[in-house]
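Following this line, the structures themselves.
Both complexes shown next keep chain A, but they swap its partner, so chain B is in the first and chain C is in the second.
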Partner chain A sequence: MSDPFALLGLPRGFRLDETELHRRHLELSLRWHPDRFVLRPAAERLQAEDEMARLNQAYGLLRDPARRAEALLALRGAPAGEGTDATSSPEFLMEMMELKEEAAEAAAERDRARLQELLCGLNVKLAQEVEELGGALDELPGDPVEAATGVAAARARLTEIAYLRKTRETLERALIPRA
Partner chain B sequence: MAYSDKVIDHYEHPRNVGSLDKAAPEVGTGVVGAPECGDVMKLQIQVEDGVIVDAKFKTFGCGSAIASSSLATEWLKGRSLDEATAIRNSDIAQELALPPVKIHCSVLAEDAIKQAIADYQKKQEQLAEASEQG
Partner chain C sequence: MTDLPSLPSLPTLPVAGQQPAGPVLGIDLGTTNTLVAVWQDGVPRVLTGPDGEALIPSVVSFPTGRPPVVGAAALERARLDPQRTVHSAKRLLGKGLADLERESASLPYQLVEAGQRDLVLIDLGDGRQVSPVEVSAQILGAARRLAVDALGCGPEDLSRAVVTVPAYFDDAQRQATREAAKLAGLKVLRILNEPTAAALAYGLDRKGASRVLVYDLGGGTFDASLLQLDDGVYRVLATAGDTYLGGDDLDRELMELAVGLLRKKTDRDVFADPAARTALRMAAERCKKELSASPEADLVYHDPAAGVALRERVSRGQFEQLIRPLVARTLERCEQVLRDAGVDNDGLDQVVLVGGSTRVPLVREMVAEFFGRQPHTGLDPDQVVALGAAAQAGVLSGATAGMLLLDVTPLSLGIETMGGAVSKLIHRNAPIPARAIEGYTTYVDGQTAVKLHVLQGEREMAADCRSLGEFELRGIPPMPAGLPKVAVEFTLDADGLLRVRAKEERSGVAAEIEIQPKHGLTDADVEGMLKAAWDHAEGDMQRRRSTDLHTQLQTVRRAVEKNLGLARQTLDGKALERLQEALEDAVAAAAEEAPDRLKGVLDELEEAAYPLAEALMHQVAAGSIADRRIDELLGKQD
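Let's turn to the complex of A and B:
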């Protein structure tokens, strides 16, 4: 994958200067915005569209802490595993199942108070998980062999975060008032 | 991408949704997840004399994941454990006409079946050991 940090001219790491991220994105957007290429030759117009798309993708990736962690792991050669989760224990998956069942139950009953309580708890847990993961990512040694154990642990953590985020979506959707 | 009629049918009228007693010795439980999308699937079988007499599932995921597990429970009922082990994800994918991007949903279902069978067999072995010692 291309390096979103390099694209936006930022140092590679979980902790980043958000003001700087927004500023860089704005600056580069002004340079590549297709509106500025309307009167240019077709090849240049296409290039501008391409640059703009890559820029927005990188920006979206870096703005979201969990996706930023994902990008860092992919850059270390540990992208998200495809297919069935082979690393999580059955006990942990059962725990995730029960959490999702609880969320689905509250959603089915349209129990807003319960939904909000669950969502709040989940948001706190997610923020904490992402924060801890970020800290661990920034402390990984540069050497791939030395970092291997840490990278595997970070991958496992990000898997848990994926389950939690999906559960959060369920809760959030259930909280949207129906017409 | 459009879902096939069979996927929509299973999605709108899922068969065998629910839970069996996971502590019961005649029940095998398989729980699998897909880290990429955060989906989780639980599939349970109840076995009597080597034959699956009941199967239930609960899936939190997309339409294809729900349809794959719903179809799997339909196919499992009445099969022997050996016959159940022979179910391949490609059979599920073909029956539901899953597009390539949704093949992993059928893989999830196959893995859930395997885990449920393995869980049941482990329980039976432990029971056999316990009765030998007792």
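Let's turn to the complex of A and C:
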């Protein structure tokens, strides 16, 4: 994979300026979108389509914190699937179990206020996890052996984030009023 | 996002000689009506027929022994020749018979299954069968003829078009639309999403930055799209919809009401007769339209031949009670769009209503209540999509340099991995054109072919997503499992059409497909799939995880079993015992579903197998097997 940060002209790192990311993507879209090449020769048009697709791919990776983290790990030569996924702490698992029980109860009682509250809590937790993930990634030592612990920690955060997101979707679903 | 860079103006090149002289047509191929518009003198213009009418009813009649009749003339034949008069063909595009169960009961024409591609056909009852694609092609042909007459050019000069589709149309439905245009002799320069087209028309004379949600409830489909408008740049942030929710469904509620009342009067099954079904549908539609203007309307149906008559006064309140759940479903989609775009209600500048069904007062009311504001109703809901299509036609013919549209794909795309899980390559709401590459490997030793099953949808398991097609990558040289590197590349073009390539990188073996329509999904399916994706999010994730773990476990197990001989020679008693126990546990875990327990078994087996792996490596290093092939070393595939 080519470096998505380089493609969009942004410094490599987990913490990035989102406004700048959107701005860069838009600017490059204006330059490369195939619709800007309709009167140009076919070869140029195809090249533009390819370039735009690459830019969109990079944009998609960087826009989402979890995929951005995966991209960073891949750039460090530690792509997903290697070393399998790290296990989460028992505290995290307990917390999630409690949350699930509370959510099930609130959903059964149609207690929207409670569900909303749980959702807020979950979003805070998610933001914390992303923050921790950022810390783990942006402070990784360059040496791969020394970085191994940090990489493992980042992987654990990623698993937790995936879990939290699924839980959030379930909660959001429960909040939609049924006709 | 206020200080956007202005559009760089590219130097304009002369049009090449073989280009047709006429403008590119913008065609809104609707469920109920079709319109055609062109970009002229810097503005889009809807074209009208000799009678001054712009709407072409999307109806085609196929009289026996005579050429087909399209539009208003076909509509007139609906009661006369119901079996051979096809309306709402758009709802059948890219669908199989199984997808249309509920629909087919209320249609006056007969649906049958096509042989080859699992797509539905309409049986005309006189030995002829037509496909929804052919019906749509007839309508597109009529639109083209209207443009030829209105513009006074030769038909050969009007051979290029931008055709709109619901944003939530899947790959098969888009392909079917493209085929229909081809049949009508039109080259499609772009398949454009309807709500995006509406936003283009809305934004034409507006400057500055704003965020707009387009609520598009048409004759057969619903879409909600959120766009960021910035001085001629239209960026779609998220889209969602339901390709089986529209005016037809509102009509059906009234039809079912009428049928219920008629049952009390007669023993005859009114739905059995195609002419009665057509008459009922028209009565329902008329009643619905009247109820938009007045608080009460009559639902009138009579069949003198059968001696059945019905005149029922329906109040708006009664109608609204019937359709409320349908409107509520559209609002769920709106909520999803806001969530996907990460925008809250306050971040919206405008809610724009599009599509004929937004004339229904309850729709306006519920939308206003949901968004806490009065929606914008200033656009002609019938014309706005065609106007937007013409604007994009202007862009694609190089006539409108100051405008650019950045659209997204509505549904995620991925491939099936071992065990039936889906690996998503392109996520929903990804900007298009899109591209993604993922690496995969083989599952068994010496595997020379891999199956690539391409899927569309949001669920975690392949069985719950829509299958777009399958192909195989063959001729991979035999290698141990896990060694081949299969790179799968998805490219989604600006029309939202997918191409898949696969390449084994060590050997260079490659294969590719362009996805062709295969079989249909009901909309309840698309919606159900999405809904289920949330409802089952947790269960799915568990299932997926345990599937992955089972796969890993089997891979390790097989490797260990093959090398047990070596283990007996090299390991000490304790290590060997531990390995054998771990192996037994792994065998016993075959029916285990809990990921935690599976993970425990896998970890133990991996750890217990570590000395064996070391021994293997030593052997390799010592060269004792240097001249043996690696697959011999690991044992032949059983």
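Methods note: the second predicted complex is superposed on the first by the 146 of 179 C-alpha atoms of A that agree within 3 Å, B and C clash if a C-alpha of one lies under 4 Å from a C-alpha of the other, contacts with A are read in each partner's own complex, and residues count from 1 in each chain.
Throughout what follows, a contact is a pair of C-beta atoms (placed from the backbone, for glycine too) under 8 Å apart; a residue touches a chain by one contact, two chains touch by 3 or more.
These numbers were taken from a predicted model, which means no experiment stands behind them.
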For this session: Could you look at A:Gly60 and tell me whether it touches chain B, chain C, both or neither (first, second, both, neither)?
Result: second
For this session: Considering only the touch criterion stated at the top, classify A:Leu30 as touching first (chain B), second (chain C), both, or neither.
Result: second
Exercise. First (chain B), second (chain C), both or neither: which does A:Thr170 touch?
Worked result: both
For this session: Using the superposition on chain A described above, determine whether A:Ala108 touches chain B (first), chain C (second), both, or neither.
Result: neither
Exercise. Touching A:Leu39 in the superposition: chain B (first), chain C (second), both, neither?
Worked result: second
Exercise. Once the shared chain is lined up, is A:Pro90 touching chain B (first), chain C (second), both, or neither of them?
Worked result: first
Exercise. By residue count, is chain A touched more by chain B or by chain C?
Worked result: C
For this session: Determine where on chain A the residues touched by chain B overlap those touched by chain C, and list them.
Result: 84, 87, 162-163, 166-167, 170
Exercise. What residues of chain A sit close enough to touch chain C in their complex?
Worked result: 1, 19, 22-23, 26-27, 29-31, 33-36, 38-40, 49-50, 52-54, 56-57, 59-60, 84, 87, 162-163, 166-167, 169-170, 172-173, 176-179
Seminar exercise, completed: In their shared complex, chain A is touched by residues of chain C numbered 1, 4-5, 7-8, 10, 12-13, 15, 230, 233, 235, 324-325, 328-329, 332, 335, 339, 395-398, 404-406, 427, 430-437, 491-494, 531, 534-535, 537-538, 541, 552, 599
Exercise. Which residues of chain A touch chain B in the complex?
Worked result: 80-85, 87-88, 90, 93-94, 96-97, 100-101, 104, 158-159, 162-167, 170
Exercise. How about chain B: which of its residues touch chain A in the complex?
Worked result: 31-40, 42, 58, 60, 104, 107-108, 111, 115
